[in-house]
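Everything on this sheet refers to the single structure shown next.
Which chain is which? They are A, B, C and D, in the order written, and residues in each are numbered from 1.
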Amino acid sequence: MNKRKIIMDCDPGHDDAIAIILAAARQELEILGITTVSGNAEIEKTTMNALKICDLVSLTDVIVSKGASGPLVRVRETAPGIHGDTGLDGPELAEPSRSWSGEHGADTMIRLIKESEEPVTVLPTGPLTNVALALAKAPEIKDHIEEIVLMGGGTFGNWTPTAEFNIWADPEAAKKVFDSCIPTTVMGLDITHQAMASQEVIDQVNQIDNKVAKIVGELLEFFAETNKEMFDLDGGPVHDVLTVAYCVAPELFKMKEVNIVVETKGEFTAGTTLVDLHGVTGRERNAKFGLELDVEGFWNLMFESLKKY
Amino acid sequence: MNKRKIIMDCDPGHDDAIAIILAAARQELEILGITTVSGNAEIEKTTMNALKICDLVSLTDVIVSKGASGPLVRVRETAPGIHGDTGLDGPELAEPSRSWSGEHGADTMIRLIKESEEPVTVLPTGPLTNVALALAKAPEIKDHIEEIVLMGGGTFGNWTPTAEFNIWADPEAAKKVFDSCIPTTVMGLDITHQAMASQEVIDQVNQIDNKVAKIVGELLEFFAETNKEMFDLDGGPVHDVLTVAYCVAPELFKMKEVNIVVETKGEFTAGTTLVDLHGVTGRERNAKFGLELDVEGFWNLMFESLKKY
Amino acid sequence: MNKRKIIMDCDPGHDDAIAIILAAARQELEILGITTVSGNAEIEKTTMNALKICDLVSLTDVIVSKGASGPLVRVRETAPGIHGDTGLDGPELAEPSRSWSGEHGADTMIRLIKESEEPVTVLPTGPLTNVALALAKAPEIKDHIEEIVLMGGGTFGNWTPTAEFNIWADPEAAKKVFDSCIPTTVMGLDITHQAMASQEVIDQVNQIDNKVAKIVGELLEFFAETNKEMFDLDGGPVHDVLTVAYCVAPELFKMKEVNIVVETKGEFTAGTTLVDLHGVTGRERNAKFGLELDVEGFWNLMFESLKKY
Amino acid sequence: MNKRKIIMDCDPGHDDAIAIILAAARQELEILGITTVSGNAEIEKTTMNALKICDLVSLTDVIVSKGASGPLVRVRETAPGIHGDTGLDGPELAEPSRSWSGEHGADTMIRLIKESEEPVTVLPTGPLTNVALALAKAPEIKDHIEEIVLMGGGTFGNWTPTAEFNIWADPEAAKKVFDSCIPTTVMGLDITHQAMASQEVIDQVNQIDNKVAKIVGELLEFFAETNKEMFDLDGGPVHDVLTVAYCVAPELFKMKEVNIVVETKGEFTAGTTLVDLHGVTGRERNAKFGLELDVEGFWNLMFESLKKY
């Protein structure tokens, strides 16, 4: 079987962690490497969390490289209100068995893409700083990226009324990605809010009897609480997991080809994605945008994958 | 009975026209004056249309004053794709029986507010240029305005992916209004899209046997077609009519107090309203925002009012 | 003799006051009206100061109309550090013999321009709010304005590193004026800093034996002190006076036709004028810009004019 | 003698080339490495030019690393009107004897700074992309940079009315440098325009009888012509050379400590440096800014250095 080669560029983060867990369970994917970025928490924490999750799911021979410690140009902001102080509050996880690679995340991304015989899919689930740095240093990798499947943006916001956290945290990096002409697929809030880990979902996860599922249950419970508190949501939307699910089962997703640009200059709107659903701007299509999720299919994929552990 | 004193500041426009028709039918309201603005069409056309509608509903002793011929600072843009060349394409309307007042719309607004013994409610249903000019010339009127009930903005856009036409057409004017500290009530696209004049609605209007209802039916038919073509909507949302309906029957509206600011500086986002539904910005509440419409109640109000003609 | 018809739109202000004094002394000019604006001080103060100066130079039959109390869109800022609390600190001036007209400054400007048989020259020496309001209300006056000769902008700033006070105080209004296609002549800081009222100049003014000259001497002394303190200048540059001098004696001025645009959007640069001296932008010329003043000729004009009182 | 360790980050470019030539002649400096950036010409050309100049002055054991091929976020622009198609038109230079290092310029900068026992001075004379990338990847190098002495910005512009080319070409990178808290010294247009290579200067260079001086003479002649044509200057200002001269002979420079910020958001002003010479902004000082050059001393330093070849 020809596995799809992926690089996971993430800031774990509860949903990033579950995204790694899902990916590690899937035969359809080969994780070439994991690169971390500052976002939900500081870079030291997101890197530590990535290493811990790799141990949990036995990804110990996959390279983990620490990437950017802050956005390209702006001041760093994190999201402790959602992910807790460690960036992954909730479950108890053992200290990692190893350290990160010593190579910068952006360099690992460049190297893995260049070394791969087949085109590589990049799955950014944090701010897009590493991807932007990689494109800045080695623009020639564009031709060897099959697709960028990212979590970010949407037609509405969470961190501001119009901006989603990942794009808001580094708008210039996001602009660079959307302007890059690489095939880009976007899981924005419109579709990720459909993947709400309700109490019912958590209950089903908790019925799966293995250590990984137990941890996932604890992650979802913590995440549901903070999302309730901060955004008045009924459960935590497992945003980042959709990027992995899309690579495995695209048939669960109703997508639309649209133009997306990122605002970097506004007084109030920096980090806003303008998703041109109705073609009113006349700008060329440059992204596939997630409209509708087969919610039942998605959760079944999750449950089935967790049972493999 | 103590009638609520209103000034209608509009750019007719199909939905502006129906808003005037509804207001003229209601005993609860006293229309002090109508001021026109460039928006859906050029100022000469919107003024002509206002005069024609006044004739239609016998508002011949209400002053009609021509206002701003373009936005405060930016270049003028109109919306012929939605409202046709005249700004009110569809029905045949007789030439108006009189001319406009000769007083500038902003001056009429200032004068009527100052002359009124009771505080006045202003209903802007076009770009906010006249209101901004009135506030610029006579900031002291603020204390004599009971409420501004405007159509504009929303958590999504129509003219751009994030901006609604009225705000987009004059963002600086809108900013001035939202920063004014006058009690402001906002009918944005979120709620106006609930007031969709579907074929079923049009059929019911057409069953009302009087000249005014016949004209309204023709307006709605034209409007439904262009909204179908341009925005792929199932009927025309009678946006502006909600400002009048709210003054008459606020119980039909579920509102939320929020902070709203207007972006004037972005590369792509000028004219975007940031409606802080979840209080994530920490900015003070400065507006009531329409969330949910009692759709049946609203149309019944319309039908009942049209039957009075 | 055919006098040039002028309207002085000002925010006195020491240099505005001297500009009025110079204009009143000149046979070549007919002052149709004086309109005031918020700028150096609040509108009540600048209006009061204009009335006092009119009394001083017997301009008691020239209309004085109070205009805008703040900028078009932004928050009002004044300049007490330069002009003192009254906006005209220094000399003792009698209470004015009359009140302002009761007509808004922008309306007076519109009316006087429309009533004049000959085209009118407008001399704005404060923020451009009144001119912008007049253009917004009555764009048709453009064709009846011979020239706008304004003090504002330059290739460097005083209020910020790149912005001059008058433009900075209302960038949107300035943008409207520069985009208006009216022939515009600009006395920016580049040339007004050449008109420095040094101690030597003040001494010569003080040798002129009349009441008006005595007041001018006191104005210049106060102005020199605050300019020394705030900008480390050797004397006060009588910025606004150059607009009047240019109308009387254009041969004293070396001008260049250039393109000028006004920044309204920057994070740090709102109110900056971009004066394209070397044609690097490719944008069309829209203004005459003051490069070099015949300094001796200018002061001689001043001295000679003051001696007429 | 304790030599000052420097890294030259450049886009040769006539004045960059002469800066390298001056540095190579000086015993006071040790060139640790040369990194190239896209700017005056495309990255392939500026790298080729750096290699050629290294050959000319026998810097064959100094690493030359190719850096960024375009700005951090924006679209690349070059300056062929000033530097010709090759980026170094004028003299005939032999093909380089070697290729670039294979390490990215930003990585070379990081490595050399980390490897050096003493703090390193960085001399950027092109757009600041490489420095920004180095700071993004390895913020910890800040503490090991003694000083950044850069050519860029000023109180007026050349590429736009308010922006100088190097800053304008990558405003976001420049912002990152000025916000970095590294001691920064700025040779802006205010002082570099004092280092004008007039015909008299060129004549003196041409009287120095060696190959390097002959090439410098040819570079200056080409540069004078294009500067005459494009900016109407009397000779070419050898902007970049001042960064080297300052490291060797700071006594030739009158400097002022000021605050400098970079505009990244304006409609017309992106890339403008706001140099707060008079402290009007209240922002903290973050740079030394070049005010006045001992012109004779500067050229004598040049002549004397060229005679060493």
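Everything below uses one rule, namely that contacts are C-beta pairs under 8 Å (C-beta built on N, C-alpha and C of every residue); 3 or more make two chains touch, one makes a residue touch a chain.
Keep in mind that this is a model prediction, so the values were computed, not measured.
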Distance in touch steps, counted as few as possible, from chain B out to chain C: 1
Same-residue or different-residue interface between chain C and chain D, half as cut-off: same
Chain located farthest away, centre of chain A as origin (C-alpha): C
Whole-Å separation of chain centres (CA-atom averages), chain A against chain D: 40
Separation of mean Cα positions, chain B and chain A [Å, integer]: 42
Geometric centre distance via CA averages, chain D-chain B, whole Å: 58
Touching two or more other chains - residue numbers and ranges from chain B: 264-265
Chain contact topology (line, ring, star, complete or other): ring
Chains grouped in pairs wherever the two touch, ordered by label: A-B, A-D, B-C, C-D
Touching residues (chain side chain B, partner chain C) in the complex: 68-70, 72-73, 104, 106-107, 129, 132-133, 136-139, 172, 175-176, 264-265
Contacting residues of chain A [partner chain B, same complex]: 155-162, 230-232, 261, 263-270, 272, 274-278, 280-281
